[in-house]
Structures are given as structure tokens and as C-alpha cells.
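One chain, subunit A, links the two complexes that follow: it is found with subunit B in the first and with subunit C in the second.
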Partner chain A sequence: MEKIKAENLRKIFITKERRGIFKGEKRKVEALKGISFAINKGEIFGLLGPNGAGKTTTIKILSTLLLPDDGDAWVNGYHVVKEANKVREIIGVSLYSDRGFYWKLTGYENLMYFAYLYHLNPEYAKKRIKYLLDILELSKDADRLVEEYSTGMKSKLNFARALIHDPEIIFLDEPTIGLDPNSARKIREIIRDLKKEGKTILLTTHNMYEADILCDRIAIINKGKIIALGTPNELKSVVEKDRVIEIQIYGILNGLTDKIRKINGVKRVGLIQEEKSLKNRIKVIMESDDVVPEVLRILVSEKIKVESIKSVEPSLEDVFVYLTGERLEKEE
Partner chain B sequence: MQLEKTENSQSINGKYLKGIMSIFLELYATASRGYKIYFRYTAWFIADLITTPIWILVFLLPILMFLPKEQWNNPTTINFFFWAMVMWDIVGAGLWSFGQAIRREQQTGTLEFLFLTNANRIIMFTRSIFTRGLELTIMFAYMVIVFKLLFGVDIILRNILGVIFILTLGLLIAMGFGEIYGALVLRFKNIGPVTNILEFVILGISGIFFPISRLPDQIRLISLLSPFTYIAEMTRYMAMGIETYLDPGFELILMILMAIIFNAIGFVTILYIEKNLKKTGKLGAY
Partner chain C sequence: MSRYIGNWIMIITLPYMLAGIFLGVGYAVGGKNASINFYKNTGISDPALYSILGGAIMIATMIILENTGGYIREEQLIGTFELHYLTPNSTLQIWFFHILPIATIMIGIFSITITPILLFKGNLLSFSEWLIAATVIFLSLMPLAGIGLVIAALTVRFKEVWAIVNVINSVITLLSGFYYPLEIFPEMVQTIALLVPSSTAVKILRTIIQHRYTSLNFGPQIILFLVLSMIYLSSGYITYKRWENAARKNGELSKY
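What follows is the complex of A and B.
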């Protein structure tokens, strides 16, 4: 049974680009170029894509925060524009934001305030908030002002707010971003538990590992278009017959990936740069291992310091690189 | 194409409050949030207590300079100014309570999360009205003392219930006026400087510090369009028995109508702007 359906959703934003103090130029940004998908009851559906792909725009349209320019969408059978009130009753939304709380209220008071705006019975709200704070390991900080919360604590509180009225359909925008590995693991466990309870979940992420282990189905979205849709295994089968090697190097030379890309038998090359070190990873998707010596020859001739080369199982990242010729994310 | 609709949990498991109870819940939540935040910023309250007598000094003393010296202890003159200071707070409530309440939600990044609920859009932005009510009460008592000490006159309060009724009605009108203004803040974001200018224009044309009968004819026509004119007139009428420009019964009816009309227009305007911002994607922008 379909719980969420989007048909040919389009959204254009008009942005103003400033030139000097008074001059400005309007520019059209096509955030969604007609995307369609359907999500079944009890399914975890992932929207995977780089920043600016249109993931958050999609969630905002489905959660009634944005009006589409064209197309239609239904949540639990209710039209997101014409029956927005009905949609808001049944959804819980966690939007990625490092703000969004009243800093002079405690974590508990913030949740209680939103519980009241959702018209929850105060007795139910108290029990529900206690339960959520417990499972998110925030109980001991419940009475601290939010201004004292770390980014991770605010992310968890944001997650708790989305679940406060125990919604049947949950939209999670980058639910683990900014969290330490333990907290991220905890959130993923809760998401799995929510699925066991029969909740329908739409989550956006640019973390391929997260999408791979959590989602029943994934739509890979890039530049406002869904470029692939299927289960993680179905998507990975796109590159299954190919060989993938990962080369860990120090530093990077301009034009290196282009040189590798020109080698006969190389299908795609992706560069994954690490922000906090000089280490970089190059992923090469190729027809066979015969290409490897030529890749190594280029690395040697360019005097690149290679730390390791290994053959890897195809991942969603490789699918993305294969489909778009671009890298999906920076290493976290 | 439409999916099969299933009953929303709201209708089936009774965990929600409905109807009038949900409105009370929103009011309680908004008021308690407002008071908590207000008292946790203690500097605001202290600043209010310090700045009130300073405003009286910097604003009223130069005005008194232009009056004959015997007027300085005239209870009617001094009481006129006293009620003007109270009116100033009412005008401020309209502009700052709504306009700036919406602005603060924009700045704290809570606006989108509020709009994800079905809570009443007016109640959500009323938090300052509750604290303004408390502030007004404290300021009132405080100003009575300050005026007594500064000018040595008693505050004239002939019809206390009438004054409370008019001030409450005045706050409701200010609320409606503020909703319309708040909708503009929602749309245009930072219009803080305009708020200051508008506040002084309203104070000038609405007969707050002097009766509108002293205004030039053309300006008086404008002042008759200002809702704050009637709040000021009726407050002075109830408190001091000063004659109103129009018939007091008529002014009272006008006030009640304005309270209804302004709030209705404000409500519709906020919904319209919300829809507009959902089109442009600027709802969460600040």
C-alpha cells in the first residue's frame, strides 16, 4: 500500500545575485525537474544525492512547507497542497538545522511546547517526551537550557521533536549529520525500530553507507532529477560486472583524474577528498584489471605518493560515480 | 491520482485534545513559553524599569518647558501625560509584540517548525502579548510612583473597570494591527527600523500626547482613521472624564468593530503571506 506518492514534481527558485551595493540580477534555479516516486507502507526510502540535488526541496514539498510549481504529491492519500492540514497531522519532520529551538528554554520545555502545538494531551505528551529523551540518551540533559546544548544534542532533540506525536509517516532530512559515530549509530538503530513499528520513513542523506544499511529502496537524485531508483543491491548491480579499485594517495595533482579517465577501459573516475588531511581517494571503475598497470604508470610518472591500492566491492558511491561521472560526497 | 486515505491517528487514538481545548492548550503553551523566556532574560525587565523614568524625563520635561510653569503641577496636564505613556506602551505592543515576535522566530530558526504544526498562526505569535500584559501592569504601578515623586500629583482613575475594559480592548486592537504589521515582517524580514518610525508616526497622529482637536483639519482626518486615536480618547474618557472628539458610545462601537476587523484582516494576511512564502521558498529565510 502506497503511503507517499510524488508525480512529476517541479520547483524553480528565483534567486537574486548581488552585483555591488544596489544592483542585482535575478536567476532561476531549477531545484526539481519533474521527479516521481512512490513509497510503500513500512518502507524506509532514501533520497541519496549531493548537496543541492533537490533532496530537501522534495521533503519540504511533501511536508507542506513548500508549494510545488508543477506536479502533485499525496501523503497517506491526502494531497499535500489541497489537504495540507491533514498531511501535517500525520507526519513528523526532522529538518537539518543547527537552530530551530528556543535557547532560553530547556530541551524538555522545547519538546513540551511543540507537543502542545500538536495538541497532544499533556499527560500523553509528558510520557512520550520522557520516552524519547530516554531512547535518545538525553534524559540527564533534559532540564538544561538549549543554549548549553552541543550540536549533536540539538540534532537529537530535533529528531525527538519529529517523533513527538508518534507520527505514522516520518521525513528525516540528513538525520545523522553533525553527530558523533556513537550517536549516529543510535539514531540508525531507532530508525530501524521505527520501521519495525510499521512507520513509513523518507530520509535524505548524502552518506552512502547510511543509505545502504538503512534503506529498503533508494532514489539517487542529482541536479533535480532522479537518475536511478531501486534497492541498494539493484543499484549496485549497475556496476557489478565492472571492477572497482580504490587508490589512497597523498596530495592531488590538477588533471590527474582526467588523465586516468582517458585510459582505454576506464569507465568512470571519482575523486574523494578528505577535508582534514592531505589524503585523497581515487575510485576507478573499469572494465577489467588489465587497466590497473596503466593507472599505476600514470601515478608513477606524475610522482604521486601512493599509500594503498585495493580492489573494492561496488558501493552506492560507485553507482553514483558511474551514473553521473561526479563524486557524491566528501569524506567525513 | 489519489492514494487510498486511511484515518489519521488524530481521529482514532484519543491522544490529542480537540476543539476549544486545543485552543486553550495553544494559549497556555504560548503564554508559558513567553513568560519563561521573558524572565530568563532578566536584563530586559531591569532595562524596562530603568528606562521608563528616563523616557519620562527626556520626553516629558522638554514638553513641559513649553507649558506655563503653573501647569507643571496641574493634575489634568500631568495625568494627560501619564495616560499618554500608558498609550505608548499599547502602540508599542501592537508593533513590537507581533512584528518582532515573528522576526524573532525567523532569527531563532523556529518558523518552519511552527508551520509544520496546525496550531493557530495568530496564537503562535502572541507570546509577547502575554508578557506585555504583565509589563503593562508593572509599568502602570511603577509609573504611578514615578509621576507622584516627580510631579507630586495623584493619578486620576475615575472608572477603574472602564479603564481596564478599554485597555484590554485596546490591546486586542493593537494585536490585530500588529498581525497585519507582523505579516509584513514575515514577508519582508528585517523591517525593524521602520517599526521605530511607524511608532512615532502613530504616536503623532493618534492624539496620544495631545487631543486630536488641536491637530490641523487634514491631519485630524488621518488621525480619525487610526485605531489608536480611539484607544487614547476612550482611555482618557474613562480615567479622567475628558470629552471625546466623537460621541463616546460611537467611539466604543468603533473600537469593538476595529478589534474584530483588524484581527480578521491580520489573520487572513498572515495566511496569505505564509502561502506566498511557500511558493517562493523563503519561509525559513531570515
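What follows is the complex of A and C.
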């Protein structure tokens, strides 16, 4: 049974680019170029893509915050434009990791405020809030003002708010962004538990590991288009017959990936740069191992210091690199 | 309320400080005869009580305007604005009902502010007088809430709420007679001032404070409040709905 359905959704934003003090130029940004998908009851569906791919725009349309320019969408059979209030009753949405709180209220009071907005019975609301704070390990901080919360605590509180009315359908926009590994693991556990309870979840992420372990199906979205859709294994099978090597190097040279890309037998090359060190990773998707000596020859000739080279199992990242020729995310 | 104690102290004491400034300026300009001149020009014998009362209403007016318009801007900045649109409610109703407790609090603040000066003058209000004063304040704040909703609508679009609020506050302050009687202005200005609900509220409250109230006096003014409330609240509703719709189309709801 389809719980969420999107048909040919399109969205164009008009942005204004400043040119000097008084001049400005309008520019059209096509955020969604006609995306369609359907999500079944009890499914965790991932929208995987880089920043600016259209993930959040999709969630905002489905959660009635944004009107599409074209196309239709239904949540639990309700049209997101024509029956917005009915949609709002059954969805829980987590949009930001650390925004969206009243700083001078406690964590508990923030949740209670939203419980009232969802017309929850006060007694039920108290029990529900206690339950959510317990599972998110926030109970001991419930009576502290939110202005004293850490980023991770605010992320958890945000997650609790999305679940306050025990919604049937949940939209989670980058739910673990900014969280430490332990907190991120906790959130993932809860997402799995929600699935066990029969909730339908739409999850956006640019974290491939998260998408891989959580999602039943994934749509890879790039530049406003869905470029692939399937189970994690189906998606990975796109590159299964190919060989993937990962080369860890120090530093990088302009045009290096282009040179590797030109080698006969190389299908795709992705560069993953680390922000906090000089280390970089190059992923090469190729037809066979015969290509490896030629790749190494280029690295040696360019005097690139190679730390390691290894064969790796295809991941969703490789699928993304394969499909778009671009890397998906930066390493944290 | 205990989390904003500094604000409350400021709101309660500000009318006294502003009255002090005006009385000081008056004395500097008029010297020893300042009070006599003020009485001759305006017919008001107690400028201190007059200014404190005017200041108390001015603060209530400003707070309602800033809270209706500014509240939404605040919500945008902290990220809670958009979240209200995820709940199954009319957001316009949420903003409007948010004003009611503030209006009620303003009545309390007004009472606390004017009590010391009335006590000092041995001129405390009876319960029925206070009740009428409270009703007048409440009714006069409703049209302002309508103006606040127009500001809120403009805020959703233009973001610069304080620029708009300050201009409107200045006009309201000029035409309300918080610190001078409007009779010093030409008749045309006095007529325009009728569109500003606080101008009528100031007149009524000063009459009550001077114990010159009779139950028949205020009928037309109450009707004026109701008419102004209808006009401004309708304008606020229409403007806000229009901008809200535009904001959902162009993504402005999320911007801050």
C-alpha cells in the first residue's frame, strides 16, 4: 500500500543575485526537474544526494511547507496542496538539527508546546514526552533551558518533536547531521524501531553508510532529478561487475583525476578530499585490474605520494560516482 | 515571566523615566512657570500624572505592535516559524491568539505602573473604574493587533520588521497624544488621529483617572474601537493570507 506518492514534481526558485549596491539580477534555479516515486507502508525510503540536489525541497513539498510548480503528491492518500491540514495531522517532520526551539523554554516545555499544537491530551502528552526523552537519553536534561543544550542535544530534541504526536508517516531531513557517533547510532536504532512499529519513513541523507544500513529502498537524486532507484543491493549491482580500487594519497594535483579518467578501461573516477588533512582518496571504477599499473604509473610520474592502495567492495558512493561522475560527499 | 524579569522591570519603570524626561525638558524650557504654562495651553493641571499615564499606554501600544509583527520575525530567526506550518492549525489563529495573553499582561502592567503615582496622589481607582480601564485597554489593543498582522505579513516578505514597526510606532505615538493633548493640533490631524485607537484610549483612561467617568460617556468610543478592530483585523487577515500564500510558493517561509 502506497503511503507517499510523488508524480512529476517540479520546483523552480527565483533567486536574486546582487550586482553592486542597487543592481540585481534574477536567476532561475530549477530545484526539482520532475521527480516521481512512491513509498510503501512500513518502508524506510532514502533520498540520497549531495547538497543542493533537491532532497529538502522534496520533503518540504511533501510536508506541505512548499507548493510545487507542477506535479502532484499524496501522503496517506491526501493531496499535499488541496488537503494540507489532513496531511499535517499524520506526518512528523524533522527539518533542522539544532534550530527551531524556544531558547527560554526548557526541553520539556518546548515539547509540551508542540504537543498542544497537535491537540494532544495533556496527560497523554506528558507520558509521550517522558517516553521520548527516555529513549533519546535526554530525561536528565528535560528541565534545562534549551539555550544551555549542546548541538547534539538539540538534534535529539528536534527528533523528539517530530515524533511527539506518534505520527504514522515520518520525514527526516539529515537526522544524524552534526551528531557524535554514539548519538547518531542511537538515532539510527530508533529509526529502525519506528520501522518495526510499522511507520513509513522518508529519510534524506548524504551519508551513504546511513542510507545503506537503514533504507529498504533508495532514490539517488542529483541536480533535481532521480538518477537511480532501488534497494541498496540493486543499486550496488550497477557497479558489481566492475572493479573498484581506493587509493589513499597525500596532496592532490589539478587535473590528476582527468588523467586517470582517460586511461583505457577506467569507467569513473571520484576524488574524496579530507578537509582537515592533506590526505585524499581517489576511487577508480574500472573494467579489470589490468588498469591498475597504468593508474600507478600516472601517480608516480606526477610525484604523488601514495599511502595505500586497496581493492574495495562497491558502495553506494561508487554507485553515485558511477552514475554522475561526481563524488557524493566530503569525508568528515 | 521570571525568565524575562529585566524586561518587566524596564516596561514598568519606563513611563516614569520618560515622564521625568518630559518634565525636565518642560522645566528647562518654561522655568518655574512650566506647569502653569502647560495648564494654560492644555488645561491639564497635573503633568506628572498625565505623562505617566500616557507613557503606560504608549508602552502597551508599542509592545502589542512589536509582538505581533516582531514575534513572527523572531520565530523566523530561531526556526520555529516554519514548524507551526507543519501542525494542523491555522497559523493566523496561532499568531492572533498569541496576542491575547500579551494584551492581558499589558493590563496588569498598566495597573502596576500607574498604582504608585495614584497612591502618591491619594487618587486610587475603584474596582469598577479599574474594570472599565482594563476593558478599554483590551479593546484598544485589538485594532493594533490587526495593524501588527499587516506588519507580520510584510515581515514574511521583507524581513526588516523593525524598520516597519518603528515607522508605524512613530506615527501612532505622534497621533495618540501620550504626552500632549491632541487639541493642540489642527482639526484635520485630530480627525486622522481617530483612526489610531490609542488616541481614544488615552482620552478615556485620563477621564477615568480623573474620576469624571459616567457610564454613558464611552458608548461612541467603544463602537469606534469595534469598527477599528474590524477594519484593522480584516486588513491584517487579508494581507497576511496573501503573503503567506506567496511565501509557500516561493519558499520564503523557510528563509531567515
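Following the convention adopted for this analysis, the second predicted complex is superposed on the first by the 331 of 332 C-alpha atoms of A that agree within 3 Å, B and C clash if a C-alpha of one lies under 4 Å from a C-alpha of the other, contacts with A are read in each partner's own complex, and residues count from 1 in each chain.
Keep this in mind: contacts are C-beta pairs under 8 Å (C-beta built on N, C-alpha and C of every residue); 3 or more make two chains touch, one makes a residue touch a chain.
If you're wondering where the values come from, they're calculated on a predicted model, not measured in any experiment.
Three-chain overlay on subunit A, with subunit B and subunit C in a clash. When both complexes are overlaid on chain A, the residue A:66 reaches subunit B and subunit C alike. By the touch criterion stated above, A:96 is placed in contact with subunit C alone, subunit B being left untouched. Counted by residues of subunit A touched, the larger count belongs to B, out of subunit B and subunit C.
Contacts of A:76 after superposition on the shared chain: subunit B is touched, whereas subunit C is not. Of the two partner chains, subunit B is the only one touched by A:120; subunit C is not. In the superposition on chain A, A:5 makes contact with subunit B only, not with subunit C. In the superposition on chain A, the residues of subunit A contacting both subunit B and subunit C are 13-14, 60, 63-67, 85-86, 88-89, 91, 93, 95, 99-104, 114, 117-119, 145, 161. Taken in their complex, subunit A has these residues touching subunit C: 13-14, 60, 63-67, 85-86, 88-89, 91, 93, 95-96, 99-104, 114, 117-119, 145, 161.
Across the complex, subunit C meets subunit A through its residues 3-4, 78-80, 82-89, 94, 248-251, 253-254. By the touch rule above, subunit A contacts subunit B in their complex via residues 1-3, 5, 7, 11, 13-14, 57, 60, 63-67, 72, 74, 76-79, 85-86, 88-91, 93, 95, 97, 99-105, 109, 112-114, 116-122, 124, 145, 161, 165-168. The touching residues of subunit B, counted against subunit A in their complex, run 1-6, 8-10, 14-18, 22, 25-26, 28-29, 33, 36-37, 40-41, 108-110, 112-119, 124, 275, 278-281, 283-284.
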